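Listed below are the structures to be examined.
Two complexes come next, and they have one chain in common, chain A, joined by chain B in the first and chain C in the second.
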Partner chain A sequence: MDLTQNFLFPNELHIYWTVMIVLYPYITGMVAGAFIVSSFYHVFGMEKLKSIARYALVASLAFLLFATIPLLNHLGKPERAFNIMLTPNFTSAMSGFGFVYMTYMVIVVLEVWFSYRSEFIEKFNQSTGVAKFIYKVLILGNTNDNENTKRYDKKLVIFLGGVGIPIACILHGYVGFLFGSLKANLWWSTPLMFIIFIFSAIVSGLAVLIFLYLFVHWKRKIKIDQESIDLLSKWLWGFMIIAVTLELMEVLSISYERTARWAILEQLINGKLKISYLYLQIGLFSIVPFLMLSVTSLAKFNVKIRNFIIWLASGMLLLQVLLMRWNVVIGGQLVSKSMRGFTEYFPGYFDKEGIIVSFLLIFTPFLLLRAFDHYFPFFPKKDK
Partner chain B sequence: MRDKLHIYTVLIILVSLIIIAAIVDTLLQPKSFNEHGHYRWDAVNELEKQTVINQNSKICSECHKDIYQLHEKDAHFSVPCVDCHGAGNLHVAYHKDSVSSNITKEKAILKKEFKFEGCLFCHKKLNARPSDFPQINQKEHYKFMHIIDSTAKCIECHSPHEPIFLLTDSRQSRLHPIVYKCTDCHKTKPKKNFYDVADHPKIFECKDCHAEIVKDFNSKPHHNYVECRTCHLFHKESENIGRMYKNGNAKFCLLCHENKPFKDPKYPPKVEWPNHISNIKSIEKTDTKICLNCHEKQIHKMNLQLKGNPHPGNWKSEHKKFAVNKLSKKIDASCNLCHQKDYCLSCHKVEMPHNDQFKGDDHKLVVQKKGKALCYNCHAKEFCTTCHE
Partner chain C sequence: MDNIERRQFLKLGIYSSAGLLVGSFFAFSKGNDKIDVLEYDDLLKFDWGYVVDTTKCIGCGSCVRACSVENSVPDTFYRTWVERFEIDNHEIVRVDSPKGAIESFKEDNFKSDISKAFFVPKICNHCYNSACTQVCPVGASYHSPDGVVLIDKAHCIGCGYCVQACPYGCRYIDHKKGTADKCTLCYHRIHKGEEPACVNACPRSARIFGNLKDPNSKIRKILNQRRYGLLKPDLGTNPKCYYIGLDLEVV
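== the complex of A and B ==
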């Protein structure tokens, strides 16, 4: 069926930045969000988040390891990825991601290493054979673990967390900048884009942590650190208000200006993006979680019900951020540069950049997180 | 110190990694990188040396002359073979020398697969395409053609090599003027504006010049379903001229009227081909306008004897006197009012009428390259001696 509309240039029939480019800022957002949450404890010393800090840090690393996979799948020829290291181009906005990503990777890996050093040494002492050798490499042959080393490690974790916060903001802000700086695209071109991306990143980071935390605790039937969850859910509530308000204010500002681009963007919002943006992103997945979190943040009632509502709201906000990425990345490409027509996009189910591959890419970091949890449990297996 | 050892170890590893990366970068960075910009200069030379694998259509014509002639004649003449069939280098190499080329027969086979996207890449209806470029909305096209099977392929009706079954070479098709300015019809620009003149057309349509034929056509059944340009395909070439593709080919009529399994059998009226004409002995089977011989009356009045020459008499031998301006006694550019510049050149092999430089040194070059015989096509042999000894 022909779903293209009105005036479309022949090279606009297909969109070029596919669902993979939707996933890349989505996963990167969770990286930045989770890291910022972990830093609240490590850097700012919020004791209430102690139980969740290390889990947030490792979650950040797990997502970070997979952040580039959608890009590599989209571009093809992944073996060429390292060429940008051999021939770095410091004036390219796109290669900027490589440099920021690498810096951030070093910081997160080091922070995880210093956080888990004592556990690594403990495992080294307990294990035998190949595992012992692996742990020996992991601890760099140094088994010295005492109060002094722990103090130094903690200091370094604070330092790395402090350096990591601006880098995390730059990492995800950069993704927003890349879209926002494309002046040819009517839907993307706004200096507010990188701020919206940073706030939505924090929302997705908080949401994924709460969602997983509550799910694992419910599954393992272990005690929930209610103070921590209440605090996180309030932050989630606050950050989602800022993120959604910024997005809406951006649209409102374009609408109020009534510049030439609004004529077509209005049609985009009321036409091609009606379901994914108006009904789902703003309606179902923003307003409903907002109301749910308002209730859990302001009213006091049964803890189990409250936790269930928080869990449901965080799941919905995860989808909200995914929809926001979709509406930005795909929505911006659906509009013709002529400002008079629209194209159509569906990723396909079994395509190289299709829906099945997308789901696999989203779930792989969670599997890695589960594997890490197997060796270095974030939470106790059962209540003692 | 001992308690900070692991921190120093990490720092040393980090610094070492940076140093190693810098060394690796220096060693592995391509030689000519950054010589002339942020790219590898040698790549330019390497690309230059690459063998061209796309085969020129003329190479294809060496073996597939019949298809090539059809393809060159019809509307797809500007679409090279490689666009649909792929590069063709293996195919050509194999058929030139199957033994030493080390190419298997399977690899040498050219692709012929049909995909809707293949045709629709150019012919999908888009407002951004020039309106006279043939383009369809697949759904509407099938509805108009009464095709009941939506999976029916384009090539079931249209041959990719001969998509609209033109009777003559598309590049030699008749040039048809577009009335664009007042002086296209009037000798001098009229004083009145056209909207001040009663019954003056605002936009010129077929009926404004071909009133009798259009009136006749409007009284015939075809007029209810098709318009003039459905059969008289017109391709605009500039603001004031275009080409009217000569039609009437039986295969063109059969696009709508041939009975095929994927078409509605009842409407429009269908015939079984070639059974439909097999029993009619009175007609010449090789006549390309075979349908019009009997069904002319259902379309409009037409002179089937007219063989494509819009000019009266023995035009080829007499056209010179029409090209001479009676007042200036010189050949002027009046041909160019209807014909493109290269139209005259295609027979005369030299620009017509000759430009001013031609009388200077230019004609010497032409004589050197093409010989005096070319001049004698129009000029008497004594013509040269009026200036030269």
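== the complex of A and C ==
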């Protein structure tokens, strides 16, 4: 088709899913990824991850609490958000959202609660005044803490972690399905979409855990659990290979089929998405971290340098996943359904769904995580 | 004895409150505001369809203007629009629809050598298997019993999923109201027996509207006699807007 004239259907001048919809899968991705990592210790008993497991779980909760904020900010009628659970239309892929999200929230909150219960009781006994009251509410007035209850708590944590893994996969896989199942959109419509989303979720979850863990441990000058960092970085390496390969394979198969769809998608990749997809997501933020993690995973050398490379690579992969969300969500909407042109998008700096709000939304979960660490510490304060 | 008294008391209570209810209903309702709403069974006698005769359209844009006024369509959004196709001797295709052709078309795309040119009006296809109603998470988008795809704006949450799902670009989010919007086939007019505003405004009768369930309707006769095409039939949406003289270039 001839694209020189850049024709759009008149209603396509506007982009309807903004950067808020980029942030939502990004944040839930980190939720699902972090939760799966925590479950490796809780459920599968990987002792090497002991020092990470609880932090991963709390991180998952912090991100989860903020996952719906971009969605609410995006809805035309946020006050009607509960309609999605009150009058669900089950032929819609989106209608399950509320139920999956709530189920997952309940599981994560319960798991955090059971894993912290005996510490809350300890704090309740030590504290006085308002703090004592808050801890009393947190433990629901139950001060039973002995070998029996501890064993029971642990059992429940294992059970919840086990149930949580499939729910985490559903929560995020389903976000991918939401895009992949739309036949009207040439860039989204692929059955691979939800698998790509699950793997990229795990990548972002692992990356955020490593990135924060190393950052906080350096800042507080506490000893790094090298075994778990090495293990996590190897997983990150493996999962990022799978995620990137899946994504490239998908583009390869569309390009090889050479249907009318490719004629326009080729122009999208080489045109509007050239910088954000080709140069940044694939070039700089996939290939470079892949090489860096290959070195740290395969070669033995100075631990400090290795950790720095791992830290840098996980930071880059965090950006890679963000770019991937952008390229999927925004990229798909740039293509006209007339297959004859592309539209433009820039979020604006001060808009309701603009860049400043986006930055706030990305950083608040981290601040919340910092607050969580203050009240329910998952990192040691300083080296003992 | 006590029982009978109580029964009488209850009966009296029920009758008097029923009387109050009926009485107040009559007292407060305004007789002349009565709206003729068809019963569900009556609505089932209709299946509204739409024919666009692309060989007749002259691209004047009257339909777009009529729709915009009739339905107070917000600026830069369109419930209907007209596309212009121009193909030159080298089979290069130029398509445009400036402002949905609300001001008609000012200039040609090619200065010379146009070998073929035609206009294609577009409108919501009111598909039988509509993707938009399938994906609406709250059921605010629905099929009316007489075959029109409508939006319950008091229930829509404005998520925009339907806008993404429509393969024809017929939906938009009305940013002032925060809800989805689209062509209703002028539902407020057709239930009174009038034509949609765009059909009414077309000077060339390029837009034809009618009841597909009625074998004697004009639309049925046209569909029986003429050859027509559908937009993006491979997507399985089963559109109900039939195009006469549809060119391969039109999607």
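By our rule, the second predicted complex is superposed on the first by the 366 of 384 C-alpha atoms of A that agree within 3 Å, B and C clash if a C-alpha of one lies under 4 Å from a C-alpha of the other, contacts with A are read in each partner's own complex, and residues count from 1 in each chain.
Operating definition for what follows: a contact is a pair of C-beta atoms (placed from the backbone, for glycine too) under 8 Å apart; a residue touches a chain by one contact, two chains touch by 3 or more.
None of these values were measured; they are calculated from a predicted model.
Residue contacts after overlaying the shared chain place A:303 against neither chain B nor chain C. Within the superposed three-chain model, A:131 lies out of touch with both chain B and chain C [touch as defined at top]. In the superposed pair of complexes, A:89 makes contact with chain B and with chain C alike. Of the two partner chains, both chain B and chain C are touched by A:338. After overlaying the two complexes on the shared chain, residue contacts for A:117 are found with chain B alone; chain C is out of touch.
Looking at the superposed arrangement, the partner reaching more residues of chain A, out of chain B and chain C, is C.
Of the two partner chains, neither chain B nor chain C is touched by A:275. When both complexes are overlaid on chain A, the residue A:10 reaches chain B and chain C alike.
Once the two complexes are overlaid on the shared chain, A:148 sits against chain B while remaining clear of chain C. Overlap of the chain B and chain C contact sets on chain A: residues 1-2, 4, 7-10, 13, 86-87, 89, 338, 340.
The part of chain A that touches chain B in the complex is made up of residues 1-2, 4, 6-10, 13, 85-87, 89, 106, 110, 113, 117, 139-140, 142, 144, 146, 148-149, 152, 156, 338, 340-341. On chain C, the positions that touch chain A within their shared complex are 76-78, 81, 83, 92-97, 99-100, 109, 122, 131, 133-140, 155-161, 163-175, 177-180, 235, 251. On the side of chain B, the complex with chain A involves touching residues 2-7, 9-10, 13-14, 21, 24-25, 28-30, 33-34, 38, 124-129, 137-139.
Contacts from chain A toward chain C in the complex involve residues 1-2, 4-5, 7-14, 16-17, 74-78, 80-81, 83-84, 86-89, 91-95, 97, 178, 182-185, 333, 336-340.
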